[in-house]
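Consider the two complexes below, in which chain A is the common component and chain B and chain C are the respective partners.
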Partner chain A sequence: MAAPILTPTPEATGRSGSPAPRRARRHRRREALTGYLLISPQALGFTLFVLVPLVAIVVLSFTHTDLRSGRSEAAGWDNYRQLLTEDPTFWRSVAVTGVFALGLVAINVGLSLGLALVLYRRPPGAGLFLTLAFLSVVTSQAAWALVWRFLLQGEGGGVNELLSLVGITGPNWLFEAKPALAAVIVVAALKTVGLKAVIFLAALRNIPSETLEAARLDGASEWRLIRHVVLPLIAPTTLVVVLITFIGSFQVFDYIQLMTHGGPSHATSVLAFYLYEQAFELFQAGYASAIAVVLFGLTLLLVAAQWWARRKWVHSE
Partner chain B sequence: MSRLLTRGALYLFLIALSVPLVFPFLWMVSSALKLPGDVLASPPQLVPAEVTWDNIRDVFTFQPFARQVYNSLYIATLVALFTCVLSLLSGYAFARLRFPGRNVLFFLFLSALMLPVEVTLIPNFSLMKALGFADTHVPLLALPVFGATGVTGVFLMRQFIQSIPVELEEAAMIDGMGRLRILLHVILPLTRPMLGTIGIIAFLYSWNSFLEPLVFVNRSELFTVPLALTAFTDTSGNPIWGVQMAATAISTVPLLLAYLVARRQITESLAQTGIK
Partner chain C sequence: MSTRLRCLLAASAVALTAACGVGDQAGSNTVTMTVWTSNQAQLDLLNRLADDFSAQHDGADVRIQSVPQADYTTKISVRLAGGDAPDLGWLGAPDAVGMAASGQLADVGPALRNDPEYRFDDFVPAAFTNWRGGDAVYGVPFSTSPFFVIYNKDAFATANLPEPAELAARGDWTWDRLAGLARDLQPSLPRGHFVFQSNEGSVYGPLPVSWPTLDPLLRAHGAGFYDPQTKRCTLDSPAAAEAVGTFHRMAFDDRTAVPPGAQADFYAGNAAMTITQLSRLSQLEGAEFDYGIAPLPGGPGGQPHVTGQAGLVVFEQAPHKELATELLKYLTSEKAVRELAEFYPPARTSVLADAPEIYRDSRLSEQAVKDILVPGITEGHAFQYPRTWPEIKTTAQPVFDQLWSPGADVGSVLGRLCGEVGPLLKQAE
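What follows is the complex of A and B.
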């Protein structure tokens, strides 16, 4: 399951002490060599495309670099100073990233947990509803975003036409600040409801039926049962899903680029989008690298927070 | 009575949730079959007043769309293949072999799981340009295989191999088999289900990816499907809705079919990761 992804399990390593016979030592050396041989292709690629770029991004963030010409000069702390003190769009993007993350987690996790709780006792039609919820999971983000952009057109868009049937005049969704942000959040959240529901379903089906029976015999109502027995039991899974969704929200780019292009006037510009805009549309690679460092720092903070939360709230692992 | 009410409320929830999850597909198909004048007509037509196949034809004349679908398919297949091979090799090493630095390396690998792909994009762009891989498919293969997708594979494979009884290998070793032969003849056959899972995850990641093609590919015959979908625009950059929806509908067909055929396998594979 998803749970262990975030925790490397420590391994008992190496044998200790006494002078091993030569054969054993040779054997161990061979084993180590085989190990290095087997991981070398991936380790090389990882170094080249992840580790080196990660160092490079920090170095670049202290330069003014033009992405097209590659011309570069030292900038000291200029980029960071500009970012933190002179760039309201950056702060707007930080705020949008926060709102986006919280909104995405609340809607996505709320709906998928709700769906899983309804489906896990396998009511008639459960399989059908799960399949319907999975259609969007196997659709690409780009396709999902484009269809919704079309649905959210102000005049003649599907959503507003549906709303007009019940007498509501919808806004021009993607061109007004608040509706636009709400729209991209909801669209992103809906996309993976089916996937998260499946993760929750697996956790729910791991609850021993005796536990539930015992609570029922004690006269607990269905609602109390869910609140006091079921939800605490799946808390570890919930925590992991929340964190994965949270961390994933920092990489959201497709919906923003395709539905609003960050607009109107950066109302939907998350940091990942702002980074892209600075680097690949304005070619300010140095400045964009400083944004990347901030984004990376925020991700690290989240990871640290999850270690802490896991230690504090989840004892049963 | 109250049970009936509860049940009614639950189905109401299910139906209410299904509307935004299913309606987009219906609307997409319906719009793909509409005349340009009917696409944004009011009142809306769920069933087109007049069905036209022009949009679907235009999808393939407007851009080399068949070629672009092929690009996506072959790139995703290669990404899946490479990810499987590498995760088997590294996963086995991390699960079974002792070597100095193993845990540090594994921890480093894991850290890439959390890393937003945007963070390393700028240096990778310069690197690919310097290596002569700008405007080729190489970055679309290398970045996922060595980045988060590949690492997910290693992680899942390591877990899986750790659950295989070590006695099997000990028996093979007593028979005089070396590590590499054990990997090939004992472990590989046992890891087939996990290789399937990793393959599906990697394939889907590549099939979906939009940012990498956007950054690395310029020529339209090299586009992958997600990027191609955005290019059905008129001269002033506005989308040609009917054609775009037709292309989008066509683009969802391969995976929807695969899902209907292998529903259980795909569901379970995806549930093993938190990817998108």
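What follows is the complex of A and C.
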């Protein structure tokens, strides 16, 4: 049997017991150099535009930097102290971000998994339905947000017009504190349902049909089949989808900026929006950097927790 | 080294060069000016004036950089913080006040006053409300644009109701009258249409964009945001509550003002009346209705004249401050202001004297130019922005949002608002 393509040979790893021929070593060096050269533009771009700004943000977070006056002075831990102990708006934004993330993950993952399970059975028109669901994925986020802002108008909006058909008077979705956050969560969640459904569908199609057949022969009902066979088998995919949705939810900004501008009364002011407000409306770059660092740390912490928890949830990696 | 490796090295070098950019190699005779307009006709005129300036100044190279308005202040602030200041640029009044206080703007006062040909005293004094600090002059307004009311004549004719301009001519044009007229007109409008739209529908938005509707309302009622002398918030006064309450009743009780979130727009024909400025009238292109112009409604506080302003400033860190100051003087000279007046209402009295001629082909009638535009500038007052305006607008916004719900207690919300912004106003002293 031929060796797998991606498995390095002992010679290639240089860990062979006998010394490699000189020519082979030169060849390997040249290959390595070629590789480095090929990735150098990307590596340089990453260093300049990702790594350096990341480090700069951490450094800035320890300064009082006012973009308006151009003044910058060392602040020690002042920004973090103020953020964590004296800024109720920050904590409110943390809470809003948490609600947003949980709501988005639950709705987005739930809907896309449900859609994938339905489409997996290939009902008539499944392809067309999936195409329609995918349309929102290729629509720009700004266009999606603006269309929904129109549909969510209190008077004359499409959503309330539909609700009125069944005798319900809808709220002024984006201008009342409670419905505003819910509305933005649902709008953001619907945007990528098509994409996540495709990912789930691919995972479902990878489940061996014999496994499902065996469960059915053992008398498993549809619900038990999904609960005890399908979901555990696609758990690695579910974990990845939950993780990317979760990370995305912590970075949400466009929907908030375009639909509610953080209002009404901070009801939709997520951390990324609060950061923007501090940096580009109040020009407090130091304080905004501290928020960015905290947001980064929070995201990292929660993702790490989920990654750790996979050992409990995922058994089929 | 193999040919393949050499090619790869060369390609990497090209890529690195591209990634790093080659920078803007501005020479010592190059002045950069930032503007937010992307209107080609306006840019053409600015470029032509810049060419004239170059011809008079040993071929000085003027580069006009157009930055989208939505990001303008942010980008300028970042450039200033990064030591990459343009030489001069447009600024809105609220930004100019903050930047002047932070030492970012050059004092051009001596250069303007010491040049008799410039005729600094030709400007309407009130036009400098936000551009002066003591004797220092931090910018020159190139656009002093009065707010006025525009209305759909057809809607009023259909309902057989008097037009706002007629009421204004009779001295009967107040916010109370407007609210009553709106109640009479609303039943004749199609479903989803409203009588009154705030300036671009923005009254429910962030404070800076809602201000062009709220400020005229407050002034007409003899109220205001704060007292510039004592730096005390005055929104907790009964007059302010009555002013804002008038609009609140129109939106939530009478349902004659476009409610929060609704997209009804005057220029699309879905609202019968709005507050606007000269520059917005280009949106009438293709409108299928006849329109009329009226002054802002008055009230117990008299007839308000409110202007919105943008000015030309020289940045303190400008690499070519002297040449930039010369360019500022040139672009705000009587000759240039006369040419720019087509787009930007002037604050020079000598140019205003010829306003009927300048605006003969505009969308304003000669009467509207004489009765609304010119007095709007000569008697108008821009809102005097406190130095801490960015902090005030951010702090005030969450409280302000509470106004725009059906059961809001307007007086109580405005009282809370004063509680929040009072300390920030004091900081501005």
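In this section, the second predicted complex is superposed on the first by the 280 of 317 C-alpha atoms of A that agree within 3 Å, B and C clash if a C-alpha of one lies under 4 Å from a C-alpha of the other, contacts with A are read in each partner's own complex, and residues count from 1 in each chain.
Heads up, the rule we're going with is that a residue touches a chain if its C-beta (ideal position, glycine included) is under 8 Å from a C-beta of that chain, and two chains touch if they have at least 3 such contacts.
Note that the structure is a prediction, hence the values are computed from the model and not measured.
In the superposed pair of complexes, A:A106 makes contact with neither chain B nor chain C. Of the two partner chains placed around the shared chain by superposition, neither chain B nor chain C is touched by A:A182. If you count the residues of chain A touched by chain B and by chain C, you find the higher number for B. Shared-chain residue A:F46: touches chain B; no touch with chain C. Using the contact criterion defined above for the overlaid structures, shared-chain residue A:T245 touches chain B, although it does not reach chain C. By the touch criterion defined above, A:A285 lies against chain B and chain C together after alignment on the C-alpha atoms of chain A.
Residue contacts after overlaying the shared chain place A:T34 against chain B and chain C alike.
In the superposition on chain A, A:D66 makes contact with chain C only, while chain B stays out of contact range. Once chain A of one complex is fitted onto chain A of the other, the partner contacts of A:F150 extend to both chain B and chain C.
Contacts of A:V229 after superposition: neither chain B nor chain C is touched. Comparing which residues of chain A touch chain B with which touch chain C, the overlap comprises 30, 33-34, 38, 41, 45, 48, 67, 70, 149-150, 153, 155-157, 280, 285. Across the interface of their complex, chain C is touched by residues 30, 33-34, 37-38, 40-41, 44-45, 48, 65-71, 149-150, 152-157, 172-176, 261-266, 277, 280-283, 285 of chain A.
Residue ranges on chain B touching chain A, taken from their complex, read 6-7, 10-11, 13-14, 17-18, 20-25, 27-28, 31, 39-44, 86, 89-90, 92-94, 97-100, 102-103, 105-110, 112-127, 142-143, 145-147, 150-152, 154-155, 159, 179-180, 183, 204, 207-208, 210-211, 214-215, 225-227, 229-230, 239, 241, 244-245, 248, 251-252, 255-256, 258-259, 263, 266-267, 270-276. If you check the complex, the residues on chain A that touch chain B are 1-2, 4-6, 8, 10-11, 13-14, 28, 30-36, 38-39, 41-43, 45-46, 48-54, 56-57, 60, 67, 70, 111, 114-115, 118, 123, 125, 129, 131-144, 146-151, 153, 155-158, 161-162, 164, 186, 190-195, 198-199, 202, 222, 240-241, 244-245, 247-248, 250-251, 253-254, 257-258, 272, 275-276, 279-280, 285, 288-289, 292, 295-296, 299-300, 302-303. By the touch rule above, chain C contacts chain A in their complex via residues 2, 4-5, 8-9, 12, 15-16, 19, 74, 77-78, 80-81, 98-99, 102-104, 191-192, 204-206, 259-264, 317, 390-391, 393-394, 397-399, 401-402, 404-405.
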